[in-house]
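Next up: some structures, all given as structure tokens.
Below, chain A partners chain B and then partners chain C, in two separate complexes.
Showing the complex of A and B:
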């Protein structure tokens, strides 16, 4: 027997009050296996102990929500008997240590969260954030993460259709890899994780258990220091081939009426799936670890319970139906083993090699888990404006050239061409726009999907930043003409034990609550990643919002590519030229002070719904939201695909602020000549502010009579990644 | 009439190709599991794209040794029309039904994009609905699509008119700049000497749907259908 010392307790990330509670509840010293189980279940990653208080305030319901947070993924009704199942999750720490495997297993994990609910995954998205481009690790991390994401999704045959890439020094030693998956299921065939039926079998399926990833959940909940690379052995290794087999085997089994409950073994492996499934059903669970298929010899109970080996699932089956399942898993050459049964004792009992290794009352693990309302302080930047002398007198075209060839605004093609974004042949709108659109197979209906966040806004004003992240995801779905339904969130923050970091979290959540409520855009699933710090310095607060919408009829949607010359260019929404916290101010002028643009949610709703109506009335087929980089960047992005540009005349004193400012609730649209009167009429009727600034033309971009060819811009826009990566560092 | 689609562990374009076959031909697609030892009576064999056995060894090499392959080889050698796409092309070269081999893309990364290819030979049962030198747009999605053959093999391939598709640009120019993966002579698809077995890296099944605005793959399926009628 291992004697539990203070050091061992501390190494398990359990503080002294928490340990006292364990001693009091058990009325004895825990075994090492029990300590490991407490450590995993009470880690920030599994218990949400610092964030629960705040997360519980988020709106989680609207008329479409079938299942909100608390399951493997959220579920919404998309009509015609179908449901969309989706979630986003972080894999930040593993990806920094081992970028390929870290990112790959991040994708693997989120796929399992979705297909465990009975949905076939139909789209993947990835929001990835790296340190500044000059940082010595950025190239290595970028190439590793991108090929890891591709390596897993491509092999699975699930298209990766969207996401974000950002470079910022706050991620220098703590990159972010957030993966989102969307699946489609029959509405009446959703599978849940709540166990039921005393005496039912607990069944292990998938790959074998090895020593990889032991204590991944605890690692993901600790800050990094110089020694963190020594943690490499705790990074899991992905096997997308096994996952593909697991997917097909589960899909085959789910067609039959066999599964009582199912959950993937993700963070904290067998521990969390067993505890959560039995806990949700108010039952007990008894496991015999000798039955767990192991890849390595002499694995201890501690190791088996905490392994984070990938591509595994836990199911509850009625004993007389075991054989049906067994046959299917054997066909796919996957392990299938009955490892225990459900009891009515509310206890988790672990037996291994004829010894009882753990005996814990489940309520202690679950309901007894710590929950902290940590002290917080919401700090916002001073409201300072950019002084005239910093606003250098540079021509818009010269600024435009610098901006579209900069790391944060250049084309992301280098990234998404490494992802199979067309497999399944339902990708209607490819990556590179505001949202991708995926057809619901065999129907004429589509799902719009997007992910977004603007961390520099959140750093400067968490509340406005939180509002903005939700509003921008909503706007992305609107601008393709879809009806935004719900979101998943991936909350990446620093150390919550610091009150200013907790303040960022609280502020962002408050902003999100307001935006979700006004836009009827609830949170149905999500993930929190805290302790994203290195050597005491936190990342920019990064709430990544994954949004899902519905396109009722795929004959009617809009994309961002200009299509014809002589279309009228109209800006929907008011432009004041808000520069502080814009990319232009932060990255070109190197002015990082001041507040982000405010989001007026009423305007947001009014402008967005008007645009959606215009698209649905077939008055507009070309639209783009105005976000990072402002109006001129949005228009330039719209010109690239078809080499159709624009000729605009702007008579403003603050021309560059007008062109590069980042006021919210705005879209730019191109309208055919014969439809423009109807568009004006509708916008006026709805009391929506709009400006007509020019017309489209071939091959060129003309701003107040100064011009540049699109091909010249396209060259620098599309080649940044190749140029960056081909340079020796 | 039936089309047998061979499904290996890791195949992932099996459904996509079945949809195209159903839509564009009179064939009924049936899925045949790799552990079967004989193919049911059919008029076409299809080996779909994917990552069979994870492609953890050389692409397609394990699948080429699956039980079903004995019958695939037998029937294809006897003249049954056989189509291999992407990983299916790799399996066909690994099994010896097609000459040459497919190695890692010269850009050293996976590449998914729509490319232009030129129809070099429209006198096969897979390509007769195209015009000779027609330029068509079809997506590719692969990591190992770089076709290679030694000099003798290449000469034989050319002498018997086995090159069906070459990578090009919108204007039909075939050169290094229009070569996405480093394939020798920009080769995107070849047949065997008899012309009844076609292997190609581009995915025609991804270009058969008006909604994705790509439909140039349709004529490949229509060619097969017309020949079989």
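Showing the complex of A and C:
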């Protein structure tokens, strides 16, 4: 038997107070298997010990929410008997260590979270963030992550329809890979993870267990240091073809009335699924690890309990229905094994090779899990404006050319073209716009999906940044004409034991709460990834918001592509020319001080709802939200697809601030001549501020009589990735 | 100098291709088949003497040919030459 030394305890990320609590609760020294179980369950990843206090304050309900946080994924009612099931999750550290497999298994994990609830996955999104483009690892990580996402999603036959790509030095040694999945289920056929029925069987299905990712969950919560790359052998390898079989087998079984409860084996594998399922049902669980299908020989109880082998599920079945399930899983060539049963003891008991390896009261693991209200300090940058002498007197077109050919504003086509974004043939609105739209198969209804975050805003003012991330997701759903319903959040932050980092977290959450409340846009699922830093330097606080909305009638929606010449260009919302923390200021002028634009949520609501009404009344079919890069970037993006440009006249002293400032609550729309009067009328009635700045035209863009051809812009806009990747590093 | 680089998945790392081959073989009636692993062999001709070629090939493996996180490799000389 392994003697538990202080060193071993420390290696498991358990501090001395936590260990004292374990000793006191067990009234003995834990076995190594038990220590592993505590370590996994009490890691940040599973216990949310630093974030729980704050997360519990987020709004989680509105009239559409069927299931909020706490399940495998959130569930919303989308009408006509259907529900949408969705969640976003991080796979940051594994992707930094092995980009292809890390990203692939991140996608695999989030897919399981969704189909374990009975939903067929219909869309994937990925928000990925890398270090600066000149950093030596960036190319390798970028290409690896993008191929990994594509590899897994494409093999599964599920379209990847959206996401974000950002480059920033704060991610140099700690990239972010946040994967989101959206699925559709029958509203009355949702499956949950709460176990019930003493004596029911605990069933293992899917692939075999190997030594993959052992300590993965613990690793994911431990700060990186220079030696972190030595942890490589623990990275798990994804097998999308097995996952496809698992998906189909689960879908087939779910049509029958057989499953009592089901949960995927994700982080902390068998440990977290067994503990959480039994814990939710206030039951006990007894497992015989000799029955677990293993890929390798001589695996210990510790290894089996902590393995993060992919493509596995744990189910609770009534014993007399086991055979129905067994037949289905064997037909799909998957392992099926009854590995234990539910008890009424509230204990987790693990037997292996005729020995009891663990015996822990579940309440100690779950309710006894540490929860910290860590000290925090919300810091915001000083309110400094850009001095006149920094604002070089450069023409808008020259700035525009630099901006659209820069890593953070250029076309993401190179990325999403590698993903199969059309498979299933339900992608109504393709990637590259504000939101993608997916048809609810066989109906004329659609789901709009987006993911958003502006980390530089959060770094300079966490509260405004938190508001902005939620507001931007809402705006992206509005600007295609959909009704925003709810969000999932993936909270990527640094080390919460530092009070300024905890302050970023607290500030962002406070901002999110306010935005979620005002916009009736609650959080239904999510994930927290802390300790994202290398050598003590934190990443920019990055709350990624995944938004889902409903398009009631797929004959009526809007996209961002200008369609006709002589349309009127109208800006909805007020432009003051807020420059600090804009991309123009941060990346072109290299001015990183000052505060981000304020988010006026009442304005957001008013402007957004007015636009939605205009779209739904078929007065507008072309709209785009104004975000990164400001008005001129938004308009230029709208010109690319159909080579329809614009001729605008702007008489302002601060022309460049007006064109590149990032004031919030704004959209730019193009209105057909015969509809413009109605649009003006409705906006005026709703008391919405709007400006008419010009008209659309063919092939070129003209700003105050200076022009450039769209083709010339398109060339530099679409080629940044290819140029970057073809250059020898 | 002609040489081969033999690349195999590391022990313990999941090998989905090996697994698929094993499944198919057993379906075709090949019994007693287990532990199938699939790797690859890369042939390279390096204009250098043997010791140099080994060094160069080793560098190639580390920089491009092998994913050291999940694969092992071996440099093998073509015995006929």
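One rule holds for everything that comes next: the second predicted complex is superposed on the first by the 729 of 729 C-alpha atoms of A that agree within 3 Å, B and C clash if a C-alpha of one lies under 4 Å from a C-alpha of the other, contacts with A are read in each partner's own complex, and residues count from 1 in each chain.
Methods note: a contact is a pair of C-beta atoms (placed from the backbone, for glycine too) under 8 Å apart; a residue touches a chain by one contact, two chains touch by 3 or more.
Quantities reported herein were computed from a predicted structural model and do not represent experimental measurements.
Trainee: Will chain C clash with chain B on chain A after the two structures are superposed, or do they fit?
Mentor: Once chain A is superposed (C-alpha atoms), there is room for both chain B and chain C without a clash.
Trainee: With both complexes overlaid on chain A, does A:239 touch chain B (first), chain C (second), both or neither?
Mentor: Touch partners of A:239: chain B and chain C.
Trainee: Please indicate which partner A:20 is in contact with in the superposed arrangement: first for chain B, second for chain C, both, or neither.
Mentor: Neither partner.
Trainee: Please work out whether A:295 is in contact with chain B alone, chain C alone, both, or neither, and reply first, second, both or neither.
Mentor: Once the two structures are laid over each other on A, A:295 reaches chain C alone.
Trainee: Please indicate which partner A:147 is in contact with in the superposed arrangement: first for chain B, second for chain C, both, or neither.
Mentor: In the superposed model, A:147 contacts chain B only, not chain C.
Trainee: For A:210, using the defined touch cut-off, is the partner it touches chain B, chain C, both, or neither? Pick first, second, both or neither.
Mentor: second
Trainee: Report for A:98: first if it touches chain B alone, second if chain C alone, otherwise both or neither.
Mentor: A:98 sits against chain C, while chain B stays out of touch.
Trainee: Report for A:712: first if it touches chain B alone, second if chain C alone, otherwise both or neither.
Mentor: The answer is neither, since A:712 touches no partner chain.
Trainee: Touch test for A:355: chain B only (first), chain C only (second), both, or neither?
Mentor: neither
Trainee: For A:333, decide between first (touching chain B), second (touching chain C), both and neither.
Mentor: A:333 contacts both chain B and chain C.
Trainee: In the superposition described above, what is the shortest C-alpha distance between chain B and chain C in Å? Please give a whole number.
Mentor: The answer for the closest chain B-chain C C-alpha pair is 5 Å.
Trainee: Does any part of chain A touch chain B in one structure and chain C in the other, and if so which residues?
Mentor: Dual-contact residues (chain A): 239, 241-242, 333.
Trainee: So in the complex, the part of chain C that touches chain A is made up of which residues?
Mentor: 10, 12-16, 19-20, 23, 67-70
Trainee: Applying the document's contact rule, which stretches of chain A touch chain C when the two form their complex?
Mentor: 97-98, 100-101, 207, 210-212, 232-233, 235-237, 239, 241-242, 295-296, 309-310, 333
Trainee: Enumerate the contact residues on chain A facing chain B in the complex.
Mentor: Within the complex, chain A contacts chain B at residues 147, 150-151, 154-157, 239-242, 244-245, 332-333, 416-425, 427-428, 439, 554.
Trainee: Once bound in the complex, which stretches of chain B touch chain A?
Mentor: 9-10, 12-13, 15-16, 19, 49-51, 53-56, 109-113, 139, 141, 143, 203, 205-206, 208-209, 211-212
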